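Here you go, one structure.
A, B, C and D are the chain letters, set down in written order, and residue numbers restart from 1 in every chain.
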Amino acid sequence: MKSPLTLVEGEGSVVIIEREGYVDRVFYEITEAPRFFEYIVRGKSPELVVDFVSRVCGLCGVSYTFLAAKAFEKCLNIEVDSDVEEFREILHLAERVKSHALHVFLMNLPEITKTRSFSELAERNPKVVKNAFNIISYSRKLMRVFGGRFHNVVNIKIGGVYFTPSRDDVEKLRNEINGIFKSLTELADIILSFKSSIHLAISKPQLCVYAEKSYSHHGEKVVLDNAIYTTEAFYRNIVNVVQKEYSTALQYRVKGSESFIVGPVSRFNRYYDRLHSEVKDLLNTYNWRPPLSVFEGYIARIAELYDALLTIREYLENYKYRDIVSVKNTVEYKSANNVCEYAVEAPRGVLYHRYVLGKDCKIVECDIVTPTAQNLAVMEDIATQLTRGKRALEETIAIAKSVAIAFDPCISCSVHTLPVKVINFNKQS
Amino acid sequence: MIRVLVAKLTSCSGCLNEVIYALTHSDIRAKYNVTYFTEVLNVDKISNAELAFIEGSITTKHQEEFLKNLRSQVEFLIALGTCALMGGVQSLRLEGNIEDVKKTIYPEPRYIDILSEVKPVDSVVKVDFAIPGCPINGDALVSFLRKYALGGLPVAIYETVCSECKRKNIPCIIVTQKSPCLGPITISGCGALCPQFGRGCYGCYGLKFFDITREKINALLDRLVELKVDEGNLKAILLAYSFKLYSKLKESRC
Amino acid sequence: MIKVPELQQVKLYAGKLSDLERVMEYLRQRFNGATFMGYKLQNSMPVFGEINSLSDMPIRVSDIQRPGYYELIAGYRFRLSYASPKWYLLPPEHSILKVSPDYEFVDSTNNSLANKVVMFGIKSCDLNAIAVLDAILIGKHPIYTKKRSSVIAIIIEECLEPAETCFCSITGTGPTVLKGYDLAYARLDEDTVIFKAGSTLGEEIIKATGLREAVQEQVKSYYNAVERAMSIMSTRLPHLEEIQKALRRNVINEKLWKTLSEKCTGCGNCNYVCPTCFCVEIVDRVEESYTTRTALWTACCTYTYGLVAGGHFRRDLYMRYRHFILHKFLFYPKQTGGLLGCVGCGRCTTWCPLGLDLKETLVKVVEEVR
Amino acid sequence: MTLTKLENPFTFKRALVVNVVKEAPDTNTYIIKLNETYTANPGQFNMIYVYGLGEIPISLSNLPEHRGTYTLVNHTIRIVGAVTRAVMLHVGAGSQVGVRGPYGNGWPMREIEGRDIVIVAGGIGMAPLRPVIKYIENNRERYGRVNILYGARNPELLLYKYELNKYTVIPNTKLLLSSDIPAEGWLHYVGFVTDLINYVDVDLKNAIALVCGPEIMMKVAIKNLLKKGFKNEDIFISMERRMRCGIGVCGTCQFGHYFICKDGPVFRYSDIEEYFWVEGI
């Protein structure tokens, strides 16, 4: 049985493998065509790659660009001014706001409110829609002022940024932000009072970027449950890319077997304490605290959205305009280390890039591990766990779809997930 | 209400998000009924509609069939963005042999069922209107939707990024900063975004398709190389964002 | 062409930079509430905009201009930037009408009366460019007319040293001014400023600020500088009459125009920076409940120029490049009652990203005839 | 300068479309009601505005008809671009449009009084010449012999089919029709309308020609007229260019040193001869 996935970013289908009329396994078939970014960047200069990789994903291009810049800065020994670094972090948080807003309001809300689509919801409760669009529009303005546009921002480069917005532009954003908090809390009241119909105790390992003091954001280390690894150790030794028994889907599993979770739920469960107290107070009102299950990702997203907006507000209020006299566009490369790697918490979870530079400082090898690719194994495991042995009916598909929506796979960015070939067992419909 | 389909081929969903942005305008929502848009709508089958917006390029047989079927069900098809118009960044894979490309990433390349080409939308179906950009400018889409609802289309103005740059009162990046800028040969629409941010245009809206010849591109590239810019980088950028056009112009070199 | 003896009938006064500041101060009091418009430094770039004091102006810089090249260095010989008074008089984008879906006018663009504007420190070529725009637009274009009418005083800064791209003495538009201004000044050296009056207002300013008549030596070095500037520029191009004759003879020389425009990409920069280019495209910007009919600068070198629904009157780029040149040198005089459309400022050359040199084009056209 | 009170020339008059006449598959005539006494010379044009979409220069295809407090004007519009497409598909009887004008000089009706007249029209080029015919009909005594040569790519594309025959009953008037291609039931000339110049029946010493049509057709017409013996200064043509303002300020309609909108659209051939044959000027 097969059904296209909707309400997710990108193209894929749910495939249910049945045995004797009962569900045996669930797969997510990725029909999104691969774009071979790892190949494309070969032979290119790092400064081009920073802009190219933004095109992996229309939702989280800043994560890609920021991460690539960070990776190259580290291996090329390029110092970044701390003000500039803070500016880029704000731009990255703006993206978190944008992505979570689009996800929660466009993909989760219809499910929460049991409407077929957003337009149906608009008919039923225009205020909800207005609030949601207020936040989406505001995130767009943030992205435009700090990055140039809603996606594929043009402001990040190796060594810093190209431009800092004028005080006037920042002031306009600051003037608007309190209205946005109002929209957000009104929406939060609806969303936080919703309880997922699927109850699942968390039992999978959870991975996020290790953060010393802040909420999980970006860095050189990751943390899997309680174990801290360098990105290199984790992605080269701990996690294995495996092929499945009856499919060729590439999946990331710890030590070759255990699937793990990346994304807002992982971050929330681990770094809940580091959220702003306003966020925790709001969550308390509705009795939300860690651990959240993967079906409660919308809670983690609302928390992160709120938290990010609070950080952004502090930044806007204390904005020190500094004219960043543009450093020459071409950076002098003095390769210190030919391997460049780094990790960023993209909206959907840990994103990891690894580049190997040749003597001429052009890329000879690249590996991009996306959040969605890492989550695919756990998505299938959970979907299978929830449906195995049940009759393969529409409801079963619905559950499998809910798992997908809960994980918010951004399939467009599945840089390397292989399309699944379904092996037919008897009676597969 | 005008019925609309929104579909995605090989691409990043960035242009689709601009469609979502357009739908945040209540006057547009009042006039358009989106009936297929898997990203935000729990509907998995396409049905007849007046308009279709297509993001992405064609890289699988399935997409080609899907697109042809979709075309037969709509009256007016709009190609959105660099992927749909030029092939998109993914076209850079065409620099290598497809089997080698697969091998560099996948352990089981035989399962990767994709075309050896990257096809822009207009190479498979008729395109009635195109909005360029990587991603497209959401405001251009809003303008299109408003004008279409009034019964017309935006009046075409063929310009380069320079036009928008000068109208925004930005001194030329090449002339003052000696920075590389592809503005003089790149189609307008972004509002001179990069020059506003103090960097040269990197051509993500695509080469202009009018007035352009190999000689003219070379004239600009020669000029930029004088500014100590890596010619290889410039060509890689032109291929990445203007594959369809630039690869054709490049061929005519021999 | 301006002859030096003609100039010598004007009385010259001498002062310091501080006197220039006093002139500004006097005008500010004389025209209470007036806005001063001129060249000003903004993010280390001279733009055209509102000046609040002398220190806003590019008085401590010199510009180095070459085809496709512009740089500011320390000095006192600022000539031009890409912007010109056109930026104020005919802004790059201006709303001409706001209309509701019922075809009602939402508001009229002519309701508010323009402010009083003093053009301060514009160049002789700029003044001539304004005269050209006047001939085409005044009394016809509502925005231009309104803005132009707001100009109550014109203070000219004469250039005593041309930039590498300048040729105003060939077009007869500089470096000195004879009429159409109120007060003109030139910087003899870093601190010495020579003034002359061009109207009763100018005379009034000189009187009110107590400027002293220039001494013999100053007068001499002023005229020497003017003569030197003119003599430098005269070597850059043939006589205007010869240029015009050659252009007329080569209108139909398709091959020549194709060669001349070989490297032109049709970006339109030359048109936009030209102080006399006035062409606009009118577009409708539709908002939720009204549409704004907006005029946008357009450029004859871009593909749109000559395009019509179902056809194109200037399909090839060489045709549009040719129009740019012919318009400046042959057509404008017929449209304006004798004024040349080119004021010799060289902006088109400096600001061409490809570094195409108008002078070179003109020389080649003349050579073709020879 | 005392021009601060300049009326905004871009304001238009609201007008109601009262009737639409189908002329050809892609061409309609719109009869528009202006609430004022409006006058225009044959050959002049209006700027027609469609909300949110833009303005297009369209010549009047009939003499303005005064009806007490209002005037009816005709505009014949063919689909060629974004605005005309919108007009064709969405403007009907009862629709509003914006109208400003009349602009341009129009045909020299005064100057050509007493002369024999040859009208050469190709396709939509008949639209600005139709008021000339009506004007002559109304003032028949002031003009000499009239030859109307009118052709289109095929008979279906001829405009005003319902009244073409009536032109033949205007005293001393000859109507010659052509179709570029043969068509069933077509009894008139097959070939280009410019060929018909050979058959005109006028006193060449006292004849003038009024020409309007596609650029290429006008070029051939001029060649043939000159061959026939017409003098440069006795040929008038109506020109077209991209046009945005209608009042000589937008600059986009330049043709040599002329602004088509205010110096034209009608030109005496001898005045534009130096530009006419230069491609792309």
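In this section, a residue touches a chain if its C-beta (ideal position, glycine included) is under 8 Å from a C-beta of that chain, and two chains touch if they have at least 3 such contacts.
As the structure is a prediction and not an experimental result, all values here were calculated from the model.
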Quick one: which chains contact chain C and chain D both?
B
Result of counting contacting C-beta pairs for A-B and B-C, higher pair
A-B
Taking each chain's centre as the mean of its CA atoms, the one lying farthest from the centre of chain D is chain A
Chain whose Cα mean lies nearest the overall Cα mean
B
For the pair chain B and chain D, the C-alpha centroid-to-centroid distance in angstrom is 41
Taking each chain's centre as its mean C-alpha position, how far apart are chain A and chain D in Å?
63
Roughly how far is chain A from chain B, going centre to centre by Cα mean, in whole Å?
24
Each of the following residues of chain B touches two or more other chains, namely 146-147, 150, 155-156
Residue numbers of chain A (touch at least two other chains):
none
What are the residues of chain D that contact at least two other chains?
51-54, 81-83
For this entry, which pairs of chains touch?
A-B, B-C, B-D, C-D
Under the stated contact criterion, what part of chain A meets chain B in this complex?
3-11, 31-40, 42, 44-45, 47-48, 51-52, 55-59, 61, 102, 106-107, 110, 116-119, 122, 133, 136-137, 140, 148-152, 154-155, 157, 162-163, 243, 248, 250, 326, 329-330, 410, 412-413, 416, 418-419, 421
The residues of chain B that touch chain D in their complex are 146-147, 150-156
If you look only at chain D, which of its residues touch chain B in the complex?
50-54, 81-83, 85-86, 89-90
Chain D to chain C touching residues, read off their complex
1-12, 14, 49, 51-55, 80-84, 96-98, 215, 240-242, 244-245, 247-252, 254, 256-257, 259, 274, 277-281
What residues of chain B sit close enough to touch chain C in their complex?
25-27, 143, 146-147, 150, 155-160, 162-163, 166-169, 171-172, 174-176, 181, 183-185, 208, 210-212, 215-216, 219-220, 223
